[in-house]
Amino acid sequence: MAAVLRGSLCLVGRCRKHVDFACVFTRSMASKTQVGFVGLGNMGNPMAKNLLKHGYPVIATDVFPESCKEVQELGAQIVDNPAEVADKADRIITMLPSSPNVIDVYTGPNGILKKVKKGSLLIDSSTIDPSVSKEMAAAALKLGAVFMDAPVSGGVGAASSGKLTFMVGGVEEEFTAAKELLSCMGANVVYCGQVGTGQAAKICNNMLLAIGMIGTSETMNLGIRLGLDPKLLAKILNMSSGRCWSSDTYNPVPGVMEGVPSGNNYQGGFGTQLMAKDLGLAQNTATNTRTPVPLGSLAHQIYRMMCARGYANKDFSSVFQFLREEEGQ
Amino acid sequence: MAAVLRGSLCLVGRCRKHVDFACVFTRSMASKTQVGFVGLGNMGNPMAKNLLKHGYPVIATDVFPESCKEVQELGAQIVDNPAEVADKADRIITMLPSSPNVIDVYTGPNGILKKVKKGSLLIDSSTIDPSVSKEMAAAALKLGAVFMDAPVSGGVGAASSGKLTFMVGGVEEEFTAAKELLSCMGANVVYCGQVGTGQAAKICNNMLLAIGMIGTSETMNLGIRLGLDPKLLAKILNMSSGRCWSSDTYNPVPGVMEGVPSGNNYQGGFGTQLMAKDLGLAQNTATNTRTPVPLGSLAHQIYRMMCARGYANKDFSSVFQFLREEEGQ
Amino acid sequence: MAAVLRGSLCLVGRCRKHVDFACVFTRSMASKTQVGFVGLGNMGNPMAKNLLKHGYPVIATDVFPESCKEVQELGAQIVDNPAEVADKADRIITMLPSSPNVIDVYTGPNGILKKVKKGSLLIDSSTIDPSVSKEMAAAALKLGAVFMDAPVSGGVGAASSGKLTFMVGGVEEEFTAAKELLSCMGANVVYCGQVGTGQAAKICNNMLLAIGMIGTSETMNLGIRLGLDPKLLAKILNMSSGRCWSSDTYNPVPGVMEGVPSGNNYQGGFGTQLMAKDLGLAQNTATNTRTPVPLGSLAHQIYRMMCARGYANKDFSSVFQFLREEEGQ
Amino acid sequence: MAAVLRGSLCLVGRCRKHVDFACVFTRSMASKTQVGFVGLGNMGNPMAKNLLKHGYPVIATDVFPESCKEVQELGAQIVDNPAEVADKADRIITMLPSSPNVIDVYTGPNGILKKVKKGSLLIDSSTIDPSVSKEMAAAALKLGAVFMDAPVSGGVGAASSGKLTFMVGGVEEEFTAAKELLSCMGANVVYCGQVGTGQAAKICNNMLLAIGMIGTSETMNLGIRLGLDPKLLAKILNMSSGRCWSSDTYNPVPGVMEGVPSGNNYQGGFGTQLMAKDLGLAQNTATNTRTPVPLGSLAHQIYRMMCARGYANKDFSSVFQFLREEEGQ
């Protein structure tokens, strides 16, 4: 359907197959034409660089001009606002902190939709409420453009090395076109379903991750107090039904594993504040869909309490430290 | 120390090394001497059969005489009570439903300790409060016997096929002797540390398991309501940081995996009531050691609510069904 | 400030005092001029009747025409949509189920703001997200009108007998004018602060109410299982520090008190589904303001689980029944 | 039944009524005979003083000899251990920190039951697990003595001024005799039912109290962040269905009320650690009786987390501070 809307780009005809083929053809041929990029923060910056590295001319903008310097030096063209990006590129990637920013960048007075061209492909990699993704998609569709949500898993490191995982929601016919670009920045690009399902998958994963991390921290703490050696306990859990990513890959107890934040005073990694934000999104979607999420909800509250008690910028595995008795008690 | 207490069994002398060697030697040579078994329920029955299958003469008892028939037909000698078992065997395995049963079988008027011989090895495979294991060990030690806790993971199926995992707590010098017997009934025998740590490991694993299962159920339910296909969501979680045993091995959503209780109306498997019992143990040990376990505690309450609402005998993965909206709502 | 915006209504001058006086004067004199009413549901219907009873001519509308019959027979003038109400009345009360309805009734194509007159007083008694109240107030202000939020506590009974409590947020200068109308429908009219604080007060109260109700239910259930007589336990709690509205005024245990839903199979009263909705609002505002509300959050989840298990239309005190073991277990 | 056991004290006859009458008569006449007191801590000390003040000769003991000095100076006779107290007094009150202490004081090698006289009345005012109270009562009964549980509500201040509330469990026939003594130390003496129900009532009250306090703290914090004045919010809650003891008598927000710990940096009052202990008891009894207590359980975990984070000795209303964002965040 979306493809039909971009019929003006198609050379061959009206039948669905032709349209699609034509679009893909056009895009493939056009693959080194300009790509727009809005949002050059900690994540957006390395992502845009990877596009440049793959030979794509990049037209970029950010509300903070200084964020644009690095990519500008690498050859990107910097413009004043999202509308100008949309004026010059028909494939645009956005990477923004939260729902209000996305709403503003797309539908604001200088937003993408002010100058978006028919047939444009708009890919939003922000982690936001899936209902906002749906709104943006509907608004884009009215102007003949396609909006897809494609949030990422993986942090700044994965963004730099091009190893992100993208979870993509939107019309299936456009997935190939989206994947072409996203593959420059990520190792996995997974199609999740209709628009919003990329966000849904991301939110679901992070909710279960938070539950697993707090659960692992409680369990390790309890076991240690009951006289178990932490490394041995981790080994037992990992060969049993208690096994999870937080126990076998990112263990929160200092000394159990190497190369994880728990071994580095919980610095680096994925901040407690960011986890709290994602759990807030999970909570909102659960509330809106009237879905009971008792552990997810409590996990949200625990990360919220941690933020209130000074853990906002520590890695989210520091919940082990939060639950452990203070020294001197 | 425990070995020294059993000095009367040793031929060579009083020095630690000789005693240990002699004991091990004696046990090894004596490996086909009688083994006592108390508790022939759903788990104890197949466990005792595996001992018989490995050539051990078994002396058994159970409060329900009819539970003894099967192993009697296979050659086990049935006696009236645990004290008589202790009178005839110096290696005894117990497999009982809960702490009060263990206390009674060991310290009751017809309990094992009434007739236990110096140097006996007593192995309790029940899942109970680790503080009770410690009490039993202390009481046994006064009589010159060694008590080890060795709870299992794996259900009736694993008990029948000899594939249980044993988590063993107690004096390390006796682990080899315990392992000799336990290996007849299990595929893994893991030494966990001092007495009680076997229970601790079991309880910790099951607490994290419960958290992971409820978390997976919430997450799958939320994802489905947000429009994700359940199989696809499971696949995404399993390649991401949300991965856990409940998502990749025992998925609670009907249709996602084969050969698990969710595919069979939550029959078979590990009952909600049993999980609630184990979570009660986890809660008790956490309370006693003043360890915060917020998610473990809520998991306990959720399984408790499920028991109150008719889920007691369904597999513990039925929490997915409990959280999902009733049809017709 | 709002008063200044309605300067065109004022005869005397621009100084603040005169403006206010003039407005109040105008309103007082005009007190029997028409009052608009949008939303004639279970609550709105008796509220509108009470306005009629106090001699106010009422101009009303509702999306369901049949909801208008009763007040029409009592003399209200029925119009087609909110815009027409605004065309004919400069004081309007709205009573709607949820935020989207409020947004539509005010800002939709046939919404109040399409024809609102400068200086109008718009009072919304719906229970909604305070951030939506703020948005509506800002939109009204641009058109020279004043919007106040005035959610109620008390159910259909209190609405019929004119005994509601109104919690009012908005510019303080307009409180007197609002109170004049609201007093016809309620026994208490409390000024809470700037716009949105009426909602905030309502949401806060209901969150604490839900926590108290579940807490009372757990406590009564535990006490009964420990051998206490329920009436005696209630009496002890009510003379001690466990006392709360749910224990002393609305006890959830059948037989403890008369005239409450627990004595009538949890029929009537305040439905579980409505409580779940209010707790969802509390959760949203807590998430948006990054406020930890662990018990409020769990209360939300419990009412959500109850909705999923068939309790949606029972009074919210039925949580006692939900937690109690099923008969036959 | 208990009265019959103490038949040797009775002069009149064997029929139940005569026995009871005789016993009561004997006790009444004997009211100024010696009363034993075990446990002279923060609470026991002022309680024993009140007995002295009412003219009762007191025989006391404590594991810490220095704790005995004050009451000794006031005329109490100090003996070496509980057994000696039982040797000299047939009415004994015990006030101890926790279950193991009670078990030791009653059944230990120098315990009360070693020398208790037939017909003695033993009143335990400690807050402990009701199942331990039942065990003690059964052990006393075998020796012809009556054990009653009579935990208190009210702190050191109420103990000093004789204003405690006693919740009493045990055989009803002995309540009058118990009340005679307890009335010297408390303003309210409430009969709760069979032995253990005094503890049950205490535990239930404190669980609901903790839930109410955390709920009030969350609610006040949320309301403040939503722009409400704390005093106004408290007032609104207190006239509405959110009202509870923690909102109207012991408000946790500094500045809302006078004369409560929140106005004094959460010093004095009822320590977080003590609340955590009582919630642990509630949790244990709930687990043992398989009663779901989701909010009580989470309240326990929150107070446990607070202990781990340095709040152990602050009043339990400091949960408001714990949940509030740290300054400088």
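Per-chain numbering from 1; labels A, B, C and D assigned in written order.
FYI, contacts are C-beta pairs under 8 Å (C-beta built on N, C-alpha and C of every residue); 3 or more make two chains touch, one makes a residue touch a chain.
Being a predicted model, the structure only gives us computed values, none of them experimental.
With every chain reduced to the mean of its CA atoms, the largest distance from chain C is reached by B. Between B-C and A-C, more contacting C-beta pairs join the chains of A-C.
Rounded to a whole number, the gap between the C-alpha centres of chain B and chain C is 54 angstrom.
Distance from the chain C centre to the chain D centre is 42 Å, each centre being the mean of its Cα atoms. If each chain is reduced to the centroid of its CA atoms, chain A and chain C end up 39 Å from each other. Taken residue by residue, chain D touches two or more other chains at 290-294, 298, 302, 305, 307-308, 323, 325, whereas all remaining positions touch fewer. Across the complex, chain A is touched by residues 276, 280, 283-284, 287, 290-294, 297-298, 300-302, 304-305, 307-308 of chain C.
Listing the residues of chain B that touch chain C in their complex gives 298, 305, 307-310, 312, 322-326, 329.
Against chain C, in their complex, chain D makes its touches with residues 130, 153, 165, 167, 188, 190, 192-194, 196-197, 200-201, 203-209, 211-212, 214-216, 218-223, 225-229, 232-233, 236-237, 239-247, 249-250, 282, 285-286, 289-296, 298-299, 302, 323, 325.
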